[in-house]
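Two complexes come next, and they have one chain in common, subunit A, joined by subunit B in the first and subunit C in the second.
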Partner chain A sequence: MLAYFVAMATYAGFFMILAQGLNLQWGMTGMVNFGVAGFYALGAYSGAILSTRIGIAPELAIALAGVAAGVAGLVVSLLTMRLREDYFAIVTLGFGEIVRLFALNEDWLTEGPRGLRIPARPFDFGLSNAVYSLVYLGVVALVVLVIYAICERIRSGPYGRTLRAIREDDVVAGVLGKNVLRFRVQAFVLGSVFMGVAGALFAHYIQNISPDTFMPMIAIFIWMSVIVGGYGNNKGLLLGAGIVIFILEGSRFLGDFTSIVTSQQLSSIRIILIGIILMAVLRFRPRGLIPEPKFMSEFEKTS
Partner chain B sequence: MHASATAKSPPRIVLSGQALQKSFGGVRAVSGMSLTLREGSITGLIGPNGAGKSTLFHLLSGVIRPDSGRVELFGDNITALPTHERAQRGMVRSFQLAREFGPLTVLENLLLAPQNQCGERLLPLFFGPAKVRAEQEGLYRRAVEVLALSRLTALRNEYAANLSGGQKKLLELGRALMTDCPVILLDEPGAGVNPALMGLLTEMIRRLNAEYGKTFLIIEHDMDFIARLCDPVIVMTEGRHLMEASFDEIRRDPAVIEAYLGRAAAHV
Partner chain C sequence: MQTLISRRRVVTGSTAAMLGTAFVPRFAYASDPINIGSLTPNTGGGAPYGGNMAAAIKRTVDQINAAGGVLNRQIKLTQEDGETNPETATRAADKLINVNQVIAILGTWASSVTLGIMPKCQSANVIQMCVSSSSDIPLRDTKGLVFNFQILNPVWGRALGQLALERGYKRFKLMALNNDFTKSILDGFVDAVGAGRLLEKPFYYNANQASYKSEVSHLLEGNPDAVFIPGYVTDFTAIYKDIYRSGYKGRVITVTFAASAPFKAAVGDAAEGILHGYPIPPLDSPAYKQYLREAGLEDNGQIQHPYGTLCRDQISVLALAIQKAGSIDVDKVKKAIVDVSTGPGKKTVYNVLDGLKAIRAGEEINYSGAGSPVEFDSHRQTVDRDVQLYEIKGGKDVVLTTRKG
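Then we have the complex of A and B:
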């Protein structure tokens, strides 16, 4: 049972990292990225390939996976940034599918649908499996906290203020002298880096990845996390990601208490439940459970 | 050079549009419009609806590109520059409908306007927090002054979306002031503003001109406002420059009356 909770918490950590990346792109800057799964997959596969096929230390491979996803984010954003918002969203969705289909068909590199096994274990000091899973959770938690600190600094600083201005009205931001393209590309790349790191952490945790792990559904779950938690609020995202994982995973236990539904029905009910919660939140708390905080100048009291 | 001679030479041209042309589909919104804006002036831009005034503003500020023609700011050709580079060279504008950043507070709307803040770059944001803090403190002091000038001090921590129409116009003017741009283009600052705030708005524009040395180009339909504030006044009709003169000359000019009211009225 404890092992299961540790696993759930670790998964929640991956979702929290992804949600913070998406929040930077969409919640703060207004760029609709439906290709979350693609950046996640790219991070997972590049991390796995670097550590298993090339033999790089897995810790370094995880960091480099972030760089790889960041480069992909740079290319995608530079190619598409001048598109209208809805077209941009379609392109990102396409990108996600390209990555998945590439992984599915390029056997020589990814083992295709058979799945890529990743024997390398990062942060392994010859520990037992039970202790190792705790260590891994600790590492993921640490990454979540570091990214949280980065995102909070951006959100509360002048940089985040300009991102939110661009989100609200990019024309006016430009007229006021803001280089909208620079801010958008930077925010998109940084969000992609986070997603790539999440992917590589996931790959080295699960130790076996296949393309069907990275269906566009992942993007929907991450969007859920950001919308339910509250876009523009980093605390809200952590809560949102936690809730989504709790529903996805926790509802498995429902089967133990009731015999009315089959396990197949149960897995569909989980998805329905997520949809209902999304609708309820949008109806009653359209800005999320913890909305974007109001700005108060730190200089107010002193003057 | 003698003092009398310099006094007589007109102030330099800060902004000019030359033979600007812009069509939307088959409609020529601006067809061969030229104008000059002289330093320190509050120049009015009037004309009947559909004369192309707002499109002209879009062309000058770079929101849309002209089909042909040229825009110069302080003597430099800026026709091909994106909007943000025009702002960095000293020209800012407002829009016909107030376009405040609604979910940001009034204070934030002002604080984000100054250009090239070091806190807007990632490296200083993370590795030079003291520098960022000092800069933000300085901007806060300036914003407090601007708040007082635009009588928005009590509302500074309110979301900008919650302001009245007139207050939003004041905020936009304050935001333009915060950018430090010497050239300010206002598209119907008086639209939707109640008479009490209108007085404040007029006063604020006058002060920004007299005390801060700002040059204004203002589109406005309220002729009282134009009469009180603007000299010279440029009349635009059917996408073209019709005349430029003082308001008194313009309102007696038969061509202007005809442009506004049609041929019959001019001969009454």
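Then we have the complex of A and C:
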């Protein structure tokens, strides 16, 4: 049982990193990125290819995967930054599919639909499987915390205020002398780096990735995390990502306690349940479980 | 701020709930149930098959338990949904392995799922039984834990290639859906007709495209005698419409489930003359007839539940192997799996209950299943599945021949 919680906590960690990346892009800066799965896949594949094909240390490969995703983020954002919100969303969705189809068709590099096996184990010092999974959870948790610290620092500083101003109205931010393009590109690239690192950590954890692993559904789960947790609030997202994994996987336990429904009916019930919970959260907590704190001036605070 | 659900309450509540289940003490007794898991594709791409796969496993377990179980222990079956998606299936496998403590995971269908959960199963020493056709499966199974009940595709493609040659076609072009199973079918086809008869190297197309005009015009360039297009029904329907519109006069060859009922309904008379083939359950086997009765189906001479039958065989063979091994030690069980299913000179049994009786009576058995005779080669892959070949005439599949595996 403990091994299961360790595994689920590790998966929740990947979702938390992705959610923080998306929050930086959408929650704080207002850029609708539906291509989360693409950046995740890009990180996973570049990390895996670097460590298995080129043979560099997997720890370094994970870091470089972040760089690769960041470069992709830079290109995507520079090419599309002048598009309006909804058009930008479509382009990012397209990017996600491009990455998946590339991985599917470029056999020589990615092994195509057969999937890429990743025997390299990062942070492995000849540990037993049980200890190794704890170490891996520790590494993922550390990455979550570091990224959380970076995001909190951004959010609470003047930089975060500028991002929020751009989110609310980019024209006003521009009129006030902020370089909107530069801020947007920076936020997008940083978010992409986080997603890439999450992908590479994930790939080395499950040790077998195929294009089917990165269906657009992942993006939906990450969006759910951010929406349920509360966009713009870093603490909220961590909670949101945890809750999404808890609902997705916790609902499996329904089957262990009931035999009234068949396993096929139960699969449908699970998915309906997930939808209902999402709707309930949005109905009763439209800004998420932990909403973004409202900005108050010093005057308001003291009065 | 007064709120309905405070953050603290959520955190405390969920932590307490999780920890509560974590520390229930577990001791193993000889009378404890034997834990077995299934991970069928109840939703997603495999959904048309997942339901009867899961049901077949459940029915067989119920039969075994009602007759007193295996080694005097009941089987505790935990059924999960793999969603035909390796990302979620890996987490489901995590639950089966670590929470339900299963010794085997049955019923994985997509190769990506079977391969995706393989690292977890290998490191936890859990047996996998699958119906996936990727030829990568035996290569990656370093511990000898994966048993494939689906015929390997080169055999399948070879049967179709031989048919094409017998019909006198000499110049071929090949195009396939880009996924793992079609790749090995193509290899078999090329093997049978000879690479020299291909006008061009085979190429792949992607699923879910609105139109396949450019792929089709490329395929028909040079006017080949016959084209071979293994895929699934949705993409094959779209492709075939484009082929028909182009006025192509050569022969179209595909796999049976691409030319299944929805395809025929969509294209009508235009389907005339398509050749297709499929590895079939042994339609005359007592095991297949028993399966139909168990599932409440009429014997109509057609193939029903191609994967459900294979899942009945999976759980039956596993239960027999456990009885034969005399313990649930995975290393003993995996050897016994081959022992109870493969090899000549043993008593043939067609269902699990007869098999259990025979083993208890000290007899050597060979289980012959509803989906195949279940004979494994040295790589734990099923051999000996018959492939049936058809031609569509007047909107119906007319059997041309059955090729022994």
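In this text, the second predicted complex is superposed on the first by the 293 of 303 C-alpha atoms of A that agree within 3 Å, B and C clash if a C-alpha of one lies under 4 Å from a C-alpha of the other, contacts with A are read in each partner's own complex, and residues count from 1 in each chain.
Simple rule for what comes next: contacts are C-beta pairs under 8 Å (C-beta built on N, C-alpha and C of every residue); 3 or more make two chains touch, one makes a residue touch a chain.
A quick note: this is a predicted structure, and the numbers were derived from the prediction, not measured.
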Touching partner for A:249 - first (subunit B), second (subunit C), both, neither: second
Partner chain(s) touched by A:141 [first = subunit B, second = subunit C, both, neither]: neither
Contacts of A:169 with subunit B and subunit C, given as first, second, both or neither: first
Dominant toucher of subunit A (residue count), subunit B or subunit C: C
Which superposed partner A:127 touches (first subunit B, second subunit C, both, neither): neither
Subunit A partner contacts - residues on subunit C that touch it in the complex: 4-5, 7, 10-11, 14, 18, 21-22, 24, 26, 38, 40, 42-43, 50-51, 54-55, 58, 78-81, 83, 85-88, 90-92, 94-95, 97-100, 110-112, 115-116, 118-120, 123-124, 134, 136, 140, 178-180, 183, 204, 206
Subunit C-touching residues of subunit A, taken from the complex the two chains share: 1-5, 7-8, 11, 101, 104-105, 112-115, 117, 129, 206-208, 210, 212-215, 217-218, 239, 242-243, 246, 248-249, 252, 255-256, 262-264, 266-268, 270-271, 284-285, 289-290
Residue ranges of subunit B touching subunit A (in the complex, touch as defined): 61, 63, 82-84, 87-88, 92-93, 95, 99, 101-105, 107-108, 111-113, 115-117, 119-122, 125-126, 132, 136-137, 140-141, 144, 157, 159, 175, 179, 181
In the complex, subunit A residues that touch subunit B: 150, 153-154, 157-159, 161-162, 164-165, 168-169, 171-180, 183, 186, 292, 294-299, 303
